[in-house]
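Every chain is named by a letter (A, B, C and D) in the order it is written, and numbering of its residues begins at 1.
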Amino acid sequence: MVRDAAAIARLSADVMWADDKASQGLGMQVMEVGAGRARLAMTITERMLNGHGSCHGGFIFTLADSAFAFACNSHGQPAVAQHCSITYLTPGRLGMRLVADAIERQRSERSGIYDVTVRDEAGTVIAEFRGHSRTLPGSLIEDAG
Amino acid sequence: MVRDAAAIARLSADVMWADDKASQGLGMQVMEVGAGRARLAMTITERMLNGHGSCHGGFIFTLADSAFAFACNSHGQPAVAQHCSITYLTPGRLGMRLVADAIERQRSERSGIYDVTVRDEAGTVIAEFRGHSRTLPGSLIEDAG
Amino acid sequence: MVRDAAAIARLSADVMWADDKASQGLGMQVMEVGAGRARLAMTITERMLNGHGSCHGGFIFTLADSAFAFACNSHGQPAVAQHCSITYLTPGRLGMRLVADAIERQRSERSGIYDVTVRDEAGTVIAEFRGHSRTLPGSLIEDAG
Amino acid sequence: MVRDAAAIARLSADVMWADDKASQGLGMQVMEVGAGRARLAMTITERMLNGHGSCHGGFIFTLADSAFAFACNSHGQPAVAQHCSITYLTPGRLGMRLVADAIERQRSERSGIYDVTVRDEAGTVIAEFRGHSRTLPGSLIEDAG
């Protein structure tokens, strides 16, 4: 069966999402996926607040990291995070709906670089993230539907 | 009232922890704090697993980020994360108890650099994290006990 | 005197370049500058080779860092590098002409984030760089021309 | 011939240094090497100054990167830089003698993490650097003396 890149991205996302209890449990939504890109959303809840009364950076990172994971796994080949960095620009507040856009900057046979921008609903940038992935052998979708 | 550095660190940690719903909600424990350092622990639970069946990197980051926060706030002056990076070395598995050790590498009036190593119970390194903090005006503890 | 953004960028670049013995001495050329962006080129010479026979990463970094400097100083306000990271994708070889394109990803009153891609003449990506800048008081061009 | 770790480190450094025109050309000196560590020095000269009148960050990075290279190649197996980051803490000035100390933080069969601190002669920290290396097949010293 021949599939185009967009179909492979959607199928890979479905396979990833089915087992991704972490992203599900934080109330994330996969809004869009394509070859080398993904858009995920998450609303900041009470349990994500830190000692300064704003969103714990770990949850902002986790949203960005999930968007990165969906983008770097969008080619049907499993990939894992190797090194990630994040810069916090604006604090996240209770009730804010965050949207993370991941795009592929580089991809070779073995590794990839992805940039993720996290924004609030008004478009203000909350954080900039860059993820480096490493590709694993095998396929995410060969046994799937 | 004059307090020594260790007492300021403990008091700052108490103030931070009281409002840190994020770290509490993930089952973290503050095992030790001192001037410029902190040790926190967290057990990997079902809800932290990702689509590859291992711990979502976001939760490992969040533990490291909390240890960083307790270390960079240990001087009684509020500090926030500005830029953080993490390298994943060994996957985290269900049931693993992770311990994150944060130590201060540099600290000036306005900013700081902290290194955090996350290990499993056997001492295997799960991740290396480096956090850059920025100091805010005010005090964490001036109004406290 | 009112100047548009492009004129400010060119004038800032002239002021920077005049004193930039480092970039001059490595044979760099400023090919283009604009508001929030810069393109610089440099050819890999014998004295840039390392113990593995390829270009020492430090010189690839230096080219990217110069492009970053011209981009983050392009608004006429002095800015300095605070934190930079680089990922090496393809080795640089003797005689290669490298081109570094810096673009502004984020900019606030006090800080900025710039992405720099270094390519060879065929367009192969040699390295990806991300720089974080901090703005200083004063102006690069108020006393100039 | 059986060699201990210190002898392998010295021999690897000799092999590296012999061809390292870049580090030689900048006037670097290898002051110490050992298994997983290296100390290099370099004096800031006129040609390293940038448009702000201080040392171009690229040369500080290059010194740190060389120290990193000698440390990650100290086990006799060739290793190359994959990803590096640097934080600038204090400007470098003309005539300053910089000393870079690289130590191994993590090392596995395929990769390593090294921390490099660059100080001036008075011990003031100029920059903190972290390098990630990847090991290549072969040996630096099998054919050597």
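In the analysis below, contacts are C-beta pairs under 8 Å (C-beta built on N, C-alpha and C of every residue); 3 or more make two chains touch, one makes a residue touch a chain.
Note that this is a predicted model, so its numbers are computed, not measured.
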{"item": "Chain whose mean Cα position lies farthest from chain D", "value": "A"}
{"item": "Pair joined by the larger number of C-beta contacts - C-D, A-C", "value": "C-D"}
{"item": "Intercentroid distance (Cα basis), chain C paired with chain B, Å", "value": "35"}
{"item": "Centre distance in Å when chain C and chain D are each reduced to the mean of their C-alpha atoms", "value": "23"}
{"item": "Distance between chain centroids, defined by C-alpha means - chain A, chain C (Å)", "value": "30"}
{"item": "Sequence positions of chain A contacting 2 or more other chains", "value": "83, 85, 87, 132"}
{"item": "Residues of chain C touching chain A in the complex", "value": "85, 87, 89, 105-106, 108, 113, 115, 125, 128, 130, 132"}
{"item": "Touching residues on chain D, where the partner in the complex is chain A", "value": "83, 85, 132"}
{"item": "Residue numbers on chain C that touch chain D, as the complex places them", "value": "15-23, 25, 46-53, 55-59, 61-63, 65-66, 69, 73, 78, 80-88, 91"}
